[in-house]
Every structure is written in structure tokens, then in C-alpha cells.
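Pasting a structure here, questions to come.
Think of it as A, B, C and D in the order they're written, each chain with its own count starting at 1.
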Amino acid sequence: MAGNSIGQLFRLTTAGESHGVALVGILDGVPPGIELTEEDFVFDMDRRRPGSNRFTTQRQEEDKVKILSGVFEGKTTGTSLAFMVENTDQRSKDYSDIADKYRPGHADFTYDKKYGFRDYRGGGRSSARETAIRVAAGVIAKKILKEKYGTEIIGFVSQIGKIKAEYDLQNLDQNFINSNDFFTTEQKSVEEFEELLRSIKKEHDSIGAKVTIVANNVPVGLGDPVFDRIDADIAHAMMGINAVKGVEIGSGFASVEQKGSEHRDLIRNTGFQSNNAGGILGGITTSQQVVINIALKPTSSIQIPGETINRENENVEIITKGRHDPCVGIRAVPIAEAMLALVLVDHLMRDHAQNHLLPKKYHSY
Amino acid sequence: MAGNSIGQLFRLTTAGESHGVALVGILDGVPPGIELTEEDFVFDMDRRRPGSNRFTTQRQEEDKVKILSGVFEGKTTGTSLAFMVENTDQRSKDYSDIADKYRPGHADFTYDKKYGFRDYRGGGRSSARETAIRVAAGVIAKKILKEKYGTEIIGFVSQIGKIKAEYDLQNLDQNFINSNDFFTTEQKSVEEFEELLRSIKKEHDSIGAKVTIVANNVPVGLGDPVFDRIDADIAHAMMGINAVKGVEIGSGFASVEQKGSEHRDLIRNTGFQSNNAGGILGGITTSQQVVINIALKPTSSIQIPGETINRENENVEIITKGRHDPCVGIRAVPIAEAMLALVLVDHLMRDHAQNHLLPKKYHSY
Amino acid sequence: MAGNSIGQLFRLTTAGESHGVALVGILDGVPPGIELTEEDFVFDMDRRRPGSNRFTTQRQEEDKVKILSGVFEGKTTGTSLAFMVENTDQRSKDYSDIADKYRPGHADFTYDKKYGFRDYRGGGRSSARETAIRVAAGVIAKKILKEKYGTEIIGFVSQIGKIKAEYDLQNLDQNFINSNDFFTTEQKSVEEFEELLRSIKKEHDSIGAKVTIVANNVPVGLGDPVFDRIDADIAHAMMGINAVKGVEIGSGFASVEQKGSEHRDLIRNTGFQSNNAGGILGGITTSQQVVINIALKPTSSIQIPGETINRENENVEIITKGRHDPCVGIRAVPIAEAMLALVLVDHLMRDHAQNHLLPKKYHSY
Amino acid sequence: MAGNSIGQLFRLTTAGESHGVALVGILDGVPPGIELTEEDFVFDMDRRRPGSNRFTTQRQEEDKVKILSGVFEGKTTGTSLAFMVENTDQRSKDYSDIADKYRPGHADFTYDKKYGFRDYRGGGRSSARETAIRVAAGVIAKKILKEKYGTEIIGFVSQIGKIKAEYDLQNLDQNFINSNDFFTTEQKSVEEFEELLRSIKKEHDSIGAKVTIVANNVPVGLGDPVFDRIDADIAHAMMGINAVKGVEIGSGFASVEQKGSEHRDLIRNTGFQSNNAGGILGGITTSQQVVINIALKPTSSIQIPGETINRENENVEIITKGRHDPCVGIRAVPIAEAMLALVLVDHLMRDHAQNHLLPKKYHSY
């Protein structure tokens, strides 16, 4: 497989590049009978969509999801579900400058070396434009999780640059998060992030971010030893998001400095007493809140000139013009939520497949 | 697939639990004609083996790898290669205490919930004993990488608790690393780690660690957009190691506080000017050094009593007796090296599969 | 995976049903740099298209293939290639009669039982309409085979009912085959098939057929022991075509009555002396002609009333109205060619992946 | 994947060659809690074992299955299950004659061309010796099918050479089948087969065979459109058995001469009125009996001299000495049963995975 599929049973296969005709997704393994309309996609597609707030790129795509197959009379049929997002904003533009130069920090260099040439229009397949289709697939996964299992996924921006948002993982206000420009948790960080980004924009620079994603009401027992532990699959899904350079589960890198007596989460018959594990033990969900942090690098698409080479291996200078986010981490929130949702549904199906012969007291779902 | 395989083309499938008869691995896709003997496994198996130094568990396993198939007259045949490590140290022991109780921070709770019961002897399949077979598979992968591509993988302990080792990624002394008890980079940290672990042992506690793994001379072009980016596959492989709670590529979580002008690695015709990317752009190797950090939690197997529940959901107290590492991170070094090697060979094969029709100037390997 | 993908490395994933918006295919693993235009699809799409001759259904679909991604400046990019065939002939029709009844010999019964309901418009996902996208994918596979390896695939109708066509596998006239209404090998069988089908149509009945597919200039060494022998993968690909009930390689069922001294193909340094093996030994291609026969059942869509039940499990009578082929085997020719092409390219890539380290004298391709 | 695995969820991975140390299987996805002992394997292993009757080879292997992992206190744990069959009869023998020559009809030629060299001892990985591990895996699959779903698989020899056994698929006497030397259905064919094989042995020749396999009490709804139809997966599993050259489902190649009015199986509320479909419609089981025929070629290992070439491409003569079956089809019976069982369990798990949210009236199992 050349990398355009994810999931074993609830399996998404995607195609489409920045400036092609359309982005396409095929979702295989969707349970039959799930109600689904094109309206269902609007909320999340808007959250990811460029131009939806003042601190993301101003490219204007409507990003309307069109269902091509797999839904009959408003319900999923159980057969493969295809959906498409047309690229409406492929404005004719002069790419001759970057066609030949490798933008530092981008995939230009590696795509050229790997494939012998590349679609240089806006990054081609390496563009984050591709993530639109992941968000669309995530909508279906989140719908199944919420309606059938009560599982809910919440993502938010927890840090930009050195500024850290404050939050209580047990009391996240999803309405607040989704109604501010930064998908962050409280008014103070909204203001500080805004100030920071204004200053970054003025410098024509960009800045990194940390995004936190949690899942509540996750059924116990999801994940397979030993290579498909759900934490491994989550790490795979998260690190595969454009610009992500780090992934943590639970206490993450803080574990390095912890002692065992501090890290281990003691258990009482009323529940776990802490959650350093981030809801996962031995690669299997405990039913506690799943907690994930991801690090997003600052985009390399900045208007500060930089040194690079061209295809002829000559030293040249480059400036990345055009519409770009000063902080790509913000738009990663719905993408990360989508990726987690895909992993969870896939593992729910895998668990059902193997353990359906167990007496009902297990896996009451 | 229920999780016991990794890799698409160079594919490892494993079986075996802490106190079963044997650990077994089947490696599929091994190129034919690679010289391989049972001696080749000794060095790495010894590095992982419990009891090989004073700060790892004193369980005495010889951990001899026996080749069962796939090698003829000293060379791999190209057909599936099976190997086995017998469990020689299954001392009869009384497990009645933990058979019924869930050790905090272990997979006892989740295995019981998932499967309805569990092999409670030493953790069964969730035991890190299983990683012996990964190390064995890694030996073959590392051999192919080194002999055929000149690629070399070096892992070391870069931090234990708050103590950080010093090192220069361009000048790692592999002999030193492999000859000290902590697989660390210099004498000062050997001494400080030793002092720290003595104190941790005295407290009957344990401590976390950070391990750094690098690969030198990695061919350009490994990794597939979009879900099988090599960084995603590395994250999957690393997070799937027992006790790992975090994975970073290149500048990792430090990227959160970086600006784009700082993070992007400028390029000259003499090479990249920095390596925040960790050798990977757009999910594809650049030929720069691949740099990975992983966070390992402190083991929960400590002799300080802790609160937990039993299978009847009653509150009980537990003490984990027996032989346990105060710092499991140390032994993770050869395991992490093995996992990276497996990912790299798999992607080399994937790249060959798709891009073999390219003119020779690409992928000169 | 829920069944909508085929191939490990050259991997086709499809979606779309008889009366949905469109059929979609995503082809993963396409080598970069293959020239491809929408014109390339016309010839094969026309061969499969209903209404293209007098003995196939009169449904009028233009079956134009639209490339959505993966091609840049006329060449494949190496990233995932999506293509679409819109369903233009979804005439509004009254399906109320069959919505509730299970057409005998169709998938109505099994889809309803499996998924709890079904898209009853023209069979939904179980309709042979879906194969249009396989033919489109096959065009790309055949192009790679022919241009890069000189491999050529020829399919033809070798039998309808009791009437057998005559042919010499070493001298097939592809122009003749593709210019007659039955994709058969010589004028005499054209005439006999025509007479037979006229009579079958008059009876409002249908008839079975046998299709033969060969591949010339197949590189030696394709196929993997033991479960992915190329004959096994071919059998999978062929039996997965709608209406296929039998698959033979080489001498097939005739082998049952052969002696070893008769069946084994003797070898001289000028080549094999016979081809009972059908070009495959031990599941691996020998470089001889690959020879496959498939049996296609007569369609159950006939206008002779038949007994069945409805969803309420009541006995009812059914007549399948509408446009239907009296012999579905005819249109299977380009589909079977496509499936063989997909299998061959996939195994070429798999062979390259594993055996690229062999000296050049092996696999000179 | 290099071909040594089969199944998506209930997944068997194997290793081992004719004269290696051992054959090994790892079965992934086994449901937890299935009772399993090493005794369970004896019956089927004996049926496949060489030397178990007068018309199979006299190689003496005990073929004892040893469980290495995945079973605890007599029950499967749900984690990966490994088992081994040691090669006890690797008598030291002079292979110098065939080491350099390609036995006609064997994989010698293709393995050499594919891998650059081969393990020539008894065919290495291409030897049917490998199927012992499939039979062992099949035991577990058959156990799950029978105990949990009441599904029963019966295979028998239906034809050798031109002699056809008589049988009624609704009344197969499994005791008779398993107690005669030919696994056939009635005394008359036992006698005729015996006479035929005596004569074939006298000629130092071999003969082909047809094996029929049925499954009773198969749950409705198994199989996935469009590429993983269960008939396609069955064809794959069957064609992948050594020496198989043809596969039929239901009326198979007889469909070619049938009319639609004859082939379609009419339905009454008491059940289907015939079974040309062989229990599968649209690639999904109907709950009728699944009926499969396979054609097995006569072995090429005969003592009649034959022409071939050696590795230097010189014309030479060859005689295959040693212990060989005059009719390899006989021993294929338990192998074919095992392969069908593996496919059925895999699809049961796949169906559960996707359709577990359906109300209970569907898939009452």
C-alpha cells in the first residue's frame, strides 16, 4: 500500500492534491443504517476551512462535501462510501518561481527526489489541503462514536509559542472552544494568542503550537497487543498530520522525570485516582479519558527570504508569497479530532470482530 | 489483523508471552541471499537481556535465538524466516496474589476487561519479555541496512529523571555507549545515573527515562504520503514499545515555541544548514540524520504498596515483588533501534516497489 | 477491510453503485511518470459499455472516465490517482416491485440479510455497473505492462452454451476479437453465437459463457509463496467478477484425468515443451504464456416468471423487466483482462520490493 | 506482504520448509476462551500425514503439533497463538542430483529465477510439507465453527482420473469418508480407485483428482462486496493449495451450458429450491450449503525419466526418486477443509466487525 489508506476495518482511502480537480475519500467498513446527510459535514469542514477566521489563510474554498455513493434514503448502506470536495479556488497563478526551487521546510525536495518530479502547484499531494477529506471522514466516525457509544472527542489549542492556555480536562467548554478564533479554552489565552499572532504576522514570521485532544466515554478494551496498541495507532494517526513533530499520551515526556510511585494511577472501586496513563494501559483503553498532546511546527511558508537550492542544485534565495497561516496549529484541531475518531471506530470494530463471542457482561456496548 | 504484525512488505509477526513455552517471530519479505547465522543475534540480544547489568532485572534468560526456517547454507532464502527464543526461566512461582488483583499501571485491568480473563503469569502477552523477539528481528533489519545501504542506527539513554546526558549527535561513540551500564554517551552521566538509580532502588521506587535514536546514511525518499509518512510509521513503532508515552521527531515539542524563520532548515548545495526536521520532510526522508526521542515512563512494578482493586471490584492493596528494573528505559535502547530498523527496511522495499521504473539517477542505491 | 480494495502495492479501492451519483476509483502505488490522459480509457470502456453491441444491454451510459487527481502535466505523479465515472442514465423508474422481492440468483436476498436493508435500485453495489471502474483501473495497469514490460493481455469468449470457439493460443487475432460483437476468435463462432443468442432472446432466457484470458511476455518470477501464489491471486481476482462460478489455470479441470507423465511440461534449453501449467509453477510465473479460463453463469435477470419470496418471507412471483444481456459473459472480457492486469502489476511491484538487491542477471526487466 | 499470511482478522502466518528445523504457524485474532489442547490436532494431522495410508508417501513424520503460546489453562487467551511441527524425518540424503536440475512441473525453475538460488532439499518452501501447518490452523478454525456456530465442513475425493465417485451432498457419511484410504464417499469408488492407483503405481506414473468440499450450517451474510466476496476468497484459498489447477463454486463450469431459467435457484418461504449458486449469491453466503470443487494435477514427481535443463541451461534428463504419492489429491482433503474453515472464520469476524450494530434479528448468531 502506498500510504493513502488508514485503518484496518473502518478504512479511509484518500486522493487529491492542492490544485487538482477534487479531493476524494472512500470510507470502507461503515456500519449500515447510520443516518448521514451532506449537512452533517458543514460544522467540521468550516472549522478546518481556510479563511474561517482572521488567523488562518484567506484562500476561499467552500469545502462542500458531496456524497457520491454508499448512502441510500439518508442512511449508510454498509457498502463503500465515497465523498468528494471540489477544489473551487484554483486561481491561475504563476508558479514558475517555486516550480524549480525547493521551499525549505516543505516536501518539495523530498517529493522531487522520490518521484523524479512533482506537482509544484501549492505543494500537490503534500499540501495540507488534503486534510479536508480527513475531516470529512472524521465527521462520520464522530457521528458513530457519539450516537452509538456516547463517545465524544474534544480538541483545543493548548499552547502557541510560549503562551499556555489554562484548562481543566474534566470541564472543557466545547461551545467556547468552537466559537473563538483559536479553538482555545478561555478568554485570557484568546487575548494573548491574538496579541502574539498579530506580532508574528507583522514580522512576516510564523509560530508553533500545541494541540490537546481528549476523548470522553471511551469503551474499555480498545486496542490490540502488541503492534497495534491503540496508543501506537494514535501516535501514527497524529504524527501523520502535516506539521506534527511530537505526540504524547497522558503524562508524555513529563514521565521521564516521574517516579513509579508518582506515575502509576492507583485504582479504587470508584475508579482510577489519577490519569498519567492518559486512558491507556498496555495499549488498551481503560475507559478513562484518553488524553493526547501534539506539537505542531511553525509553517515554513513565511515571507522572510531564505536560502535554498533549485533542481539544478544551485544556491538560490526564496520567499514564499501568498496566503498562509501564521500558526498552522490552529486549523489542526478538527483534523486531530478526526484522526482520533477514525482510530477509535476502527478499534471498536476490531474488538467486536474478535471478542463478540464473550458473554455480554464484557463489552456491554 | 489483531495486532501482532508490523510492516507492509518487510513484515514481522510475533507470538509468545512471559511464561509460555517460547517467543516466536516470523519475518516475511526478507530479501534472498543475506548471510545470517545464529551468532548474529548475540550482541543485541545481550544488550536487551535482563540481568546483563546491575540496573536491569536479574531474571536469567539465555535468550538464544534459534533459526527455524528461511535460511539455507548460511543465507536467507527469500521465503519466510522463523526464529524462536525459548523461555528457559519460567520458575514455578506463586502468582495467586496478583492473579486476582490488577497491578496499577499494568495491563492487568485492560486485558481482563478485553478478553474476559488473562494469563496472569508475569503479564502474559503484555510483558516486555515479548520485545526480545523484536530485537531479534531488528538484528536482521540492521544487517540489511548496514551491509546494503551503509545505514547505521544508534540509540542511547539521553535522560533519566532530571539528569540529562551530554552528546553531539554528529559524534556519537558507539563503543562507549554499548560498554556502559546505561547505554549513555559520556562518563559523567554514567556516574550521575548510577548514583540516581542507587537512590531510587533504595526507595524501592522507579524512574522514567528518555531515549534518543538516530539513523545515519538514510537513503533519500523513504516514506509514503499521506498516512504512511515515515514519521507516522516511526511514531507508531516507537509508541508501541512498552512504557513509551511520547515520541518526538527532530525538534519535537520544542517546535511549539519556535518561529518559522528559526525552525525551517535552510538548504545550500553543500547540504541542509540545520536539522529541526529530524531528517524528514513531508513524511519522506531527506538523507539527513533521522533523529527521534522517546519518553519512557517509570515502571509500576515497585515494592511500595499501592491501592488497587481485584476482579471482584473490591478495594485491595498490592506490592509487586520480584525482579524489576528501577529504570526500564535503559533496556529500551536496543528495542527502539530494532523498531526503527524494521520501519526503514520496510520503507526501502516500498520505495523500490513503486519507483523502480525511475531512471537510475534517482535512488542510486 | 470491507472488501472494496484489491492489491497490496498497486492497490485499487472502489466505490459506487448502480444508481448512485458516480463510480469512483482510487489507485494507490502507481509508478510516477506514466503518461496518462482521459482518452486512454475510451477503448476499453467502450468494450465494456452496455449498448455497445446488439447482444448487451441497451442502457445508455457514456462511461466517460474523469481523472480527479494524481496526474500532472500528462504524467502520473506517484501519488494517489482518483478517477470517476458519473452515472448519467439514472432514469427515474418504478422499483417498487423489486424493492420488496428478492430476485432469484441475485444478491438481493444476501444484501438484505447482511445489512438489514439494501439499495434496491438496479442492485446497488452488487450491480455489475461497478465493474466499469475496474476496467478503468485496468487500462492503467495494462498501459504499464505493455509500455514497460512488453506484457500483453488478450481475452476472448471461448464458449457460449454448448458452442465452442476455435482458436490457437499462440496466434490470437486481437483485431478480429475486438471488432466482433462477441469478442470471439473466428467468424464461424461469431455466426453460431449470433444464432444461439437470437434464439435465447426469443425465449426471454439467458445463457452462460466461458471466457479465456492469456498474458504474453510475462516476466519470470512473479508470485509469492505460499498464500499469495499468483495463481491464487488470479483465482481471487477472477472469481470476484460478477457471475463467475469457476476458474482454471492451464489445463484446469482436465488435469483431473491426466497422468503425471502427460501433465508435466518438459523443459529444453529452447523452452518449455508444453503448457499444462498455464505459465505458473509453484505459484510463480515461468515466463510462458499465462492461460486462464473462467465460467460465467447465465444472468438471472430474465423475463420468464419465477418463484421467490419478499422481505416478509411470503411466497411471490417475479419477472425481471428492463434491459439485460442475454449473455453477460461477453461483457466480462474487458473486465477479466483488467483484473489480470491489476494482479500482474501488483506482483511486479512486490517482486521488485523484495528482490531488488539481486544482481541484474535476475529480473532483467 | 510476501505471501505467508492469509486472512484479514483471523490471520494465519506460516513459515517452514521441507527440510528445515520446523514448521511454524502464528494465528492472530483467535477469540479468547476457546478450549484447545494439543490432542485436538491429532485427527486432522493424521489425515494429512504422509504414510497414513497405502496410497500416500511413506515419509514418516509424527507431525505432532506443539502449542508455543496463546493458550493458558487450556483456553485461548485472545493473544497470538503459535504452534510448531518439528521436522523429524530429515534423513540425510544426497540431493546433488536435483540441486542443479529443474524438476519439470515443480517450482525448482521458478524459485531459482525469482530468488537467485533455492533450498533444493525436497522443494524447500514450495514443498507440500508446508501444508501441515495449514491443517493445524484449520483445526482451530473448524473447532470455532462447530462449537460456536454449528458449521461443519466435509471434504472428500469425488474423482480420480476418469473414475467418479457417487454421492448425495445432503447425505454424506463422514465416518465412511474418513475411514477409507481415499477419503471417498462409497465402497464402489474405494475399490475402483484402489485398482486404478495400483495400476498407476505399476507404471511409475501419477494421476489427477477432484476434491469436493461442502460446508453445512453456514450463517447467512458472510462475504464482502466487491473484491472480498467470499467466493473470491474461497477461490484464493483453494487455488493456493499445492497442485490445484481449478476451482468451482456451485455448478461451476457447468454454468457455461446452462440457461438462466435453469441456473437461477428459485426461492420459497421454505427455502431455496436448488443450489446452482453453491450457497453464495453476490459473493455473500445465503445459508445454503456451500459447495466447492477443486482440480488437482497429477504430481510431477514420477520415476519415468523426463527432459529438463540444469542451472547452466544445459539439456539433461531427470528421474524423481523417493517417496511420492501416486495421487496427491487424496491428501488434499484435510488441507482444503482447513482452508475453507479459515476463510469462514475470517468472514464471520469481518461480518461481526461491521454489522454488530444491527438489531439482533439479523445475524442471530
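Rule of thumb we're sticking to: a contact is a pair of C-beta atoms (placed from the backbone, for glycine too) under 8 Å apart; a residue touches a chain by one contact, two chains touch by 3 or more.
What you see is a predicted model, and the numbers here were worked out from it, not measured in a lab.
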| item | value |
| --- | --- |
| Duplicate of the A-D contact set - from C-D, B-C or A-B, the pair where over half of the pairs recur | B-C |
| Interface residue overlap between copies chain C and chain D, same or different (over half shared) | same |
| Longest centre-to-centre distance from chain C, chain (CA-based) | B |
| Between chain D and chain C, distance of the C-alpha-averaged centres to the nearest whole Å | 26 |
| Chain B and chain D, separation of their C-alpha mean positions in angstrom | 38 |
| Contacts with two or more other chains, residues of chain D listed in rising order | 1-5, 8-9, 14, 29-30, 32-33, 78-79, 114-116, 125, 225, 350, 354-355, 358 |
| In the complex, chain C residues that touch chain B | 8-9, 29-33, 78-79, 148, 225, 349-350, 352-358 |
| Residues of chain D defined as touching chain B within the complex | 1-5, 8-9, 11, 13-17, 20-24, 26, 28-30, 32-33, 66-70, 72, 75, 77-82, 84, 114-119, 121, 124-125 |
| List of chain C residues in touch with chain D within their complex | 1-6, 8, 12, 14, 102, 104-107, 109-111, 113-116, 125-126, 130, 159-162, 200, 203, 205-210, 220-221, 223-229, 231-240, 244-269, 273, 276-278, 281-287, 295-302, 304, 306-309, 313-315, 329, 350-351, 354-355, 358-359, 362 |
